[in-house]
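Think of it as A, B, C, D, E, F and G in the order they're written, each chain with its own count starting at 1.
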Amino acid sequence: METDGNSLTFIALFLPFVAAALAPALTRRMGHKVAWVLAIVPALLFIHFASLVGTVASGEVVTGGHRWVPSLSVEFSWFLDGLSLTFALLISGIGTFIVLYSGGYLKGHEHLGRFFSFILMFMGAMQGLVISDSFLMFFVFWELTSITSFLLIGFDHSREASRRSAMQALIVTGMGGLALLAGLLVIWNATGATSLSGLLETDNALRESALYGLAFVLILGGAFTKSAQFPFHFWLPNAMEAPTPVSAYLHSATMVKAGVYLLMRLNPVMGETAVWETVLPLFGGVTLLVGGFLAVRQSDLKLMLAYTTVASLGLLVMLTGFGSEHAIEAAVLYLIAHSLFKGALFMVAGIIDHEAGTRDVTRLGGLRKAMPVTFGAALVAAISMGGLPPLFGFLAKEEIYYALGFASLWSAVFTSVAILGNALMFAIGFAVALKPFLGAEVKTPNHAHEGPPLLWLGPVVLAGASILAALVSPLTHRLFSIPMASAVAGEPLDITISLIPSIGLPLYLSLVTVALGYAIYRTLGDVRARVAAVLAAIGWGPDRGFDQVLRGIVRGAHGATGLIQNGRMETYMTLTFGIIALAFLIPLVGAGEMPAFPQLPVLTLYEIVVLALAVIGLGAVLYADDRLTAIVSLGIQGFAVALIFLLFGAPDLGFTQFMVETLSVVILALVMTRLKLAKSDHRPTGEKALDVTVASLCGIGLMLALFKVTEISFDPALSVFFTEYSRVIAHGRNIVNVILVDYRGVDTMGEIAVVMAAGLAILALVRVRLGRRVQHAEPQIEVEGRETVA
Amino acid sequence: MESASNPYGVDISQAMIVERVALADWLLVFPVALPLLAAAILVMLRSRPRLHAPIAIAVIGIVLVSNVALLSRVFDEGPFAMTMGRWLPPFGITFVADILGVLLATTAALVALVCALFGSTSIDLTGRRYGFYPFVLLLMTGVGGSFLTGDIFNLYVWFEVFLISSFGLLILGSERAQLDGAFKYAILNLVATTLFLIATGLLYGVFGTLNMADIALKADDLRDEAPLTMLATLYLVAFGMKAAAFPLHFWLPASYHTPRLVVGALFGGLLTKVGIYALLRTLYLLFPEEGGTLSGVIAVVAVLTMIFGVVGALAQTDIRRIMGFIVISGIGIMMAGLALGDRTGLAGTVLYAVHSMLVMAALYLLVALMRRAGGTYSLLELGGLYRSHPLLAAIALLLVLSAAGLPPGSGLWPKVMLVKSALDGDAGWLAFAILLSGLLTTLALGRVFALAFWRPRADGAAVPATPLDRSGLFALVLIVMPILWIGLYPEPVLAMADAAAASLLDPASYSLLVLPAGGGS
Amino acid sequence: MNFSEGFLSVAEYIGLILLSLSFLLTTYRVIVGPTLPDRIIALDMLVVVAVGFIALIGIRTSFTLYVDVAISLGLVGFLATVAFARFVMAKGSLWVKQEDERNLREASDD
Amino acid sequence: MTLLLVNVLLALAWGGVTGSFTLLNLVFGFILGAGALYLIRKEIGSLGYLARMRRVVSLMVLFLVELVKSSWTVALTVLSPKMDIKPGMFVYPLKVDKDAEITMLANLITLTPGTLSVDVSEDRRFLFIHALDCSDPDQLRHDIATGFERKIMEAFR
Amino acid sequence: MKTLILRTIAPYLAALMMIFSIFVLLRGHNDPGGGFIGGLLAASAFAIYGIASGVASARRAMRFHPMAIAGSGLAMSVLAGLASILFGVPFMTGLWAPPIPGIDFEISSVLFFDIGVYLVVLGAITSVALALEERDDE
Amino acid sequence: MIETALSILVGIFFAVAVYLLLSKHTIRIMLGVVVLGNAANLSIFTAGRLTREVPPVIPPDLYVPEIATANPLPQALVLTAIVISFSLFAFLLVLAWRAYQDLDTDNTEEMRIAEPKADPLPPLSY
Amino acid sequence: MIEALFNIVVGLMIVGGAAFSLVASIGINRFPDVYSRMHAASKAGTLGSGVILLALAVHADDAATAMRAIAGFVFLLLTAPVAAHLLAKASYEAGYKLWNKSVKDEMIVKIREQKATPQLHGEK
């Protein structure tokens, strides 16, 4: 292990965020040219990571970290091996050109600064994601990529489509993120590892754990949503609502690959199991085909590319899942190739859109003269995408066919899938790269000409990189492909494929692919129509399903909430008291806390009369047929209670109860003079039955509780103490009052606070009144001097 | 002093604490005594409402500082107790400064300070004359007292103090909707506190004591003969109602959107959390075994609450009402930790409580400013705020993320802890529910963001960039800072939450702290 | 216990019984009304009887502290009656009408 | 001067109520009484005291006798198996004209069973009285005029 | 209310009730009574005064706004509790001055606390009663 | 066991309180509040065990009472509770009146301002 | 001896007072209308309880208690007639009629006068 570059990596993790914070201010000052300044940041990152390539290529791993949340065993730690370093290089490298490209593409946009800020934040998040070591740090950055992409997709927020796509991406990837979190925590549980590097050292622990299945499903939930695997693929094409630099960066080269990264990262500890090798290829294959077919239908350049991206991601997942050495090597090579050519093609599509004013492939043609540089870059990228030599894509495609072959029926199926998928991508790639440039000139909304270097620099460099990487393939392999593939496999691998084709099955398969692809390319118009017809016949897709689900949720929520929180006090009260009754009764019955049959009391005649008085008073309150009678009757039960207190040695209580009961009646009478008086409380029979039941159960519950409590022998220690010291230390003979003002004076302090607050609140109620009976729409601002009496 | 207070020659050490009290121990009293005194003085200064805001803000600020000092002392040197009136515990009322109570009290003071600042411009002179600041101070007194007292009946009293002050705040202004909301709020809360009172009466009848530490000591001996499960259930229902747990939550959505929003912020920030706090205390300190019996019920309630809350939020058009339901959803999440009952889960609940106090208050303040910027509370009409008020939008986004438990908000960490705890405890379904509620919260609040901020206004007109009042925005920024801080560097608060959880799981040490002699009775 | 004490004790008990009966009878008037002032008078009298009852308990228990309870009750009981009288003045005419109607209805029921 | 007297009386009452006639307690009672008088400062007219003590006592005696007598009558009425009453409302023309005197007269009339002061006319010239036995209102008017009213005028003028 | 009899007698009754309320307050430590009951009695006195002589004259008799009285009571109670900070004893510890011969009650922080209770109850309840009566008078 | 009698009485109080609180009419709910308070107070009083007629007051000539007195602590608790529930009651009553005044109803069924019946469906778009 | 005499006097007063209260409570049930019931309530009732208070005064050991009991009696005498007056006046003004077998109603004139005057209630 290597811990060199510790502090630099630490700085690298924060640098993009610092730049993001500064971007708006800088942009305000420098305009779009700020791109040159801001691009220094990813460039520096690239240089930093490039400096580590040698170390990593020699088989070492660069790690480092700081304490972060030790209470939760969360470190702020990073881990650079072949896999993460390659990703980091792609992110920072492509990121450099994306920043530049953005400067050209959004020149003059009023929120350019904000855009830079978002895209730099995203860059920081993505970079953090791939080099994180600790699980939670990984998760945090994972979620940050979702959130920043939400902001970027919704950048053009005044359009509903943008907002919809942003929400869609947030929800779908958010859902995956939560699955991922759960998955990581399950893995933590299963293996005890809290970091990726720690996990990789556990070998078979996870595979052999009973939690493997759960972890697998959850991790796949994260990976598939992020990498737009069927049936979660729909958000990605919709995300094309984002400005093109975003599509080029997030939705081709970086973020969508996070899912693939996750699968690759976990392959050494989760792969090579039957489910892994079944589920991943299956979903990957389906995604490849779905992506390919849907791409054919499109005529929008970006959408065509988006669907091929879906297809490519399917291919990568399929390969990763396949699990063989060649499959992993193929996945690694294809991932690198795809990042380069897809990034370039998206930028090309953006340039065309920017310069010609449309991205509709059917309305474009003959731009090669006006935009030669762009055309060159597009052509090179398309060739790579088509898997033709001498580009890196060719190496990848050859390796794919090596990996799949026709070894078994299982692999034969996937070989066919791969051929079909690659052919479709071939066709689309060339459609994007050639159609707008070749043929007769078509009149476009804008008069097209070559864009500024800020725009074409990116595609050119990426296209060049595709060539260069292929030309020096042994070096590329040694520095990037082999360390990465080894990391994915969890064991040293070797990659030897080069531009010099060896005659064999892979080459034949490539030729078949090219032939098929060319055929599709030639008949693209027909195919498009036919696919469109098929899709129209199906008439439904997960994209529409998303809307339906969402509306369903909102409607359902509205209905359900209206049912429960229905605004009716009666419902609230009945339910509440029903639960209170159960709270008394269930434990008494269920937990064996039922009281024994209580001893019957011996009472004097006048005690009986006083108790009876209370009951009579209550009955009178219940049966009173007007409210004033009820209030007067209320006085009876109140007096009876006071007399009970007096009879059982509580003069203070009786005293207070008399006063309070009387004052209650007084206030009732004062208030009643303002109420219109009508007879009331005739409840329908059913309701009455329910109310009586609930009320009786509550009453019985409390009665039984008191039976139970009073049958226990009582510990009078507190009162003995109070009595003992009431006079000799606390200077008072009235023990109750001594308790109130001394032993438990704090209670009384709270109590008078209540009294004062009640007085104040009542005063506010009585005095602060709306002068007129109008509903004020503006509750924040109150009219002065509403008070009538000072 | 000694001779004056003891003219009868009684050995005072049998009844009273003889050691002198260090001045630093008074930090334990200030969170209750100072706001109470200030409230009294403001009521005396009724006719000078202009003095109210400065005095109240100053006093709350002092309390906050004193709380922070108390927190750092407790965290460094361990908990301590003070028995009021010098009477030996369990005879006097004991206040206990343990990490759980002090952490929550400190957060509460911060929320109160922010709301007091916010109110200094949003509450007019009539509102002040009729008690806005006294009510805020009394609310703080009640909440602070609840967090610090070690006596169950005293807890009831503090509950009533903050309840009545919440009534006062709720009706301030006397709009029609306020009166309706306040009526439901008041009656249902009265039922809850009365149940609390009845349960406490029964508890006293069983144990003969009110000091929580003393009860905890005695519970084991009485476990066979006393109806402890029933008592635990009664407390669960009473505090569940205060916490607005489903299906005892009705009062909250009926009322929280009706008062001034700064009041909503105070309520959303403080009140329900006191219910959660009380549940933690009763179920883990007083009835650990019975709480275990009830954990299944609590877990089901937790799930229903968190899902119902967020479903309710999705159903609303009025952004104020959305926030009410979001508050409820958070309660469900805290109850999940309560049901799980391991150290991670409890720490998650405590941390979530801190997070929720800050975020819910901030959300209500945000709504107030959104209303001021956008002119309406209706999601059907709001729009265009992203363009007109970018700072507000940024804060809104951060709060949305916090509430949904996403980075870099403060909600992430407690949620991680709770999910971890659920998975550790083989309660995968609980973990699933927590995550699902997080997702739905993202949806509900994400929609608010998309509709109110991103979407242009329906009439197409640009929203004027009305300058928001300074102190309001300042207050919001002030409360957002700790939210972001917890999101990025949760360790200090998390460590405290963890320590609080550890102490909750060790009721014996609490008892030993309060009753060094092992109980006087 | 000598004769006079015994006599007193019996007298106290008889007094309590008589007052209890008085309570019941007065309560009966509170409940049956028929008019609002009838109920109020009866409630007022209930307070007065309670004053005597408390005084009697004071004698019986020799805890003379009850006398203050009795006095205070007399004072606030007066307040209640005043408040009710005020109410009758403000709203009484409404009640007269309602009660007349009810009495008529009851008369026709018989 | 009268105020001072009333205050002293209040202080003595305080001493009686608290059961302690020490100087300090009386002084305290005096202070309390002064406070109470301050509260009702608007209502205090002039009241003569000591000079009329004898006549006041005479009034009280008359009242007590009347009280017992008529209580007995009412008790008999209540308990008689066939209740034979002739209630009614009559007007009593007042000779006293000071508020305090009118009030005292009305209250004494009320306290005496069988009669009940219902109201004083606006011009304070008439007292409306309800009597359980109103068969001979003139007799009732005469009894009051020569009884309570005359004694009150003797005592307070 | 418009009645000569009540208006004439109410002030005296009110004064008597006030005195009695103070009596109940001061002896509360030794016999039933105390600040709360005393306060209620005092509030009843003002309520009767208000009903009989009009709210305005009741307010004039009080001089201070009843809520201000309540506030001063609460402040007094809290300060009585806080006073113990000066003596190194916990909050709310009773501090007793040497007894004064001839006076039934002892001067102490506890007494001030109870007086605070009295004032709070007096102020708050009176405020409510007068506010409600006032509405009716309109 | 006098406690038995009072326990039954408390049960009745509680049941009546609940029944009144389940009414739709605010004034009846207010009556329920008063009865509920009494139920709670009596239940504390009963749970603290009962003693006949001996108040917890030390006679002037003693330092400590000679005979067993009623348990003073529940009395103090109930006293606090009475005061508190009275305060709350007073507030609620005035609130009910104000609600009646401004909402023109004393029927909770018709008090639907805060949560109106026709609650609009939130927007389904984005 | 004095003690015994006091005891007997107290006992008689108690029974007498209580009996008077009982009579009063019978009275308010037997009398035909609200006005005649007031006679029972405000006098017989007051007297009954008053006598018991006086009994307490006689029975009390110390002067202070005796004084307070007498003060209580005086309070009763002060308040009871006022209460009765208020209720009677209010009832009459509200329109509660006298018993239909009443022999006279000379107050009806006054009510007619009042109805003619514009302000019915209100102090100001």
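We adopt the following convention: contacts are C-beta pairs under 8 Å (C-beta built on N, C-alpha and C of every residue); 3 or more make two chains touch, one makes a residue touch a chain.
Because the structure is predicted, anything quoted here is derived from the model rather than measured.
Undergrad: Starting at chain C, how many touch steps does it take at minimum to reach chain D?
TA: Shortest path length, in steps: 2.
Undergrad: What chains touch chain C and also chain F?
TA: A, E
Undergrad: Common contacts of chain D and chain G?
TA: Neighbours common to chain D and chain G are E.
Undergrad: Which one of the chains is farthest from chain G, going by Cα centres?
TA: A
Undergrad: Looking at CA centres, what chain is most distant from chain F?
TA: A
Undergrad: Looking only at C-beta pairs that count as contacts, which pair of chains has more of them, A-F or D-E?
TA: Answer by contact count: A-F.
Undergrad: List the centre-to-centre spacing of chain B and chain G in whole Å, with centres computed as mean CA coordinates.
TA: Here the centre of chain G sits 55 Å away from the centre of chain B.
Undergrad: Can you work out the whole-Å distance between the CA centroids of chain B and chain E?
TA: The computed centroid separation for chain B versus chain E comes out at 34 Å.
Undergrad: How many angstrom lie between the CA centroids of chain A and chain B, rounded to a whole number?
TA: Taking the mean C-alpha position of each chain, the two centres sit 26 Å apart.
Undergrad: Between chain A and chain E, what is the gap in Å from one C-alpha centre to the other?
TA: Spacing between the chain centres: roughly 60 Å.
Undergrad: Mark out which residues of chain D touch at least two other chains, giving numbers and ranges.
TA: 13, 17-18, 20, 106-107, 117, 119 - these are the residues of chain D that touch more than one other chain.
Undergrad: Of all the residues in chain A, which ones touch at least 2 other chains?
TA: 160, 163, 167, 550, 554, 558, 562, 565, 567, 569, 573, 577, 647, 651-652, 655-656, 659-660, 663, 666-667, 670-674, 702, 706, 709-710, 714, 716, 718, 722, 724, 727-728, 733-734, 736, 740, 742-749, 751, 753-763, 765-767, 769-770
Undergrad: Among the residues of chain E, which ones contact at least 2 other chains?
TA: Each of 1, 3, 5-6, 9, 12-13, 16, 20, 30-33, 36-37, 40-41, 44, 47, 53, 67, 70-71, 73-74, 78, 81, 91-92, 94, 96, 121, 124, 128, 132, 136 in chain E touches at least two other chains.
Undergrad: What chain-chain pairs meet the touch criterion?
TA: A-B, A-C, A-E, A-F, B-E, B-F, C-E, C-F, C-G, D-E, D-G, E-F, E-G
Undergrad: Under the definition above, what is the set of chain B residues touching chain E in their complex?
TA: Touching chain E from chain B are residues 1, 4-5, 7, 17, 20-21, 23, 25-26, 29, 33, 36-37, 39-47, 82-86, 92, 95, 134.
Undergrad: Using the touch definition up top, name the residues of chain C that touch chain F in the complex.
TA: 57, 60-61, 63, 65
Undergrad: For a test of understanding, state which residues of chain E touch chain C in their complex under the given definition.
TA: 1, 6, 13, 17, 20, 24, 31-33, 37, 40-41, 44, 47-48, 51-52, 136
Undergrad: Going by the contact rule set out above, which residues of chain A touch chain F in the complex?
TA: Per the stated touch rule, the residues are 160, 163-164, 167, 550-551, 554-555, 558, 562, 565-570, 573-574, 577, 598-601, 603, 611, 614-615, 618, 621-622, 627, 630-631, 634, 637-638, 641, 644-645, 647-653, 656-657, 660, 663-664, 667-668, 671-672, 674-676, 680-681, 683, 691-692, 694-696, 698-700, 702-703, 706-707, 709-710, 714, 716, 718-719, 722-724, 726-728, 733-736, 739-740, 743-744, 747-748, 751, 754-755, 757-759, 761-762, 765-766, 769-770, 773.
Undergrad: Would you pull the chain B residues touching chain F in the complex into a rising list?
TA: Within the complex, chain B contacts chain F at residues 8, 153, 157, 160, 163-164, 167, 171, 174, 176-184, 186-187, 190-191, 194, 197-198, 200-202, 204-206, 253-255, 257-258, 314-317, 378-380, 447, 450-451, 455.
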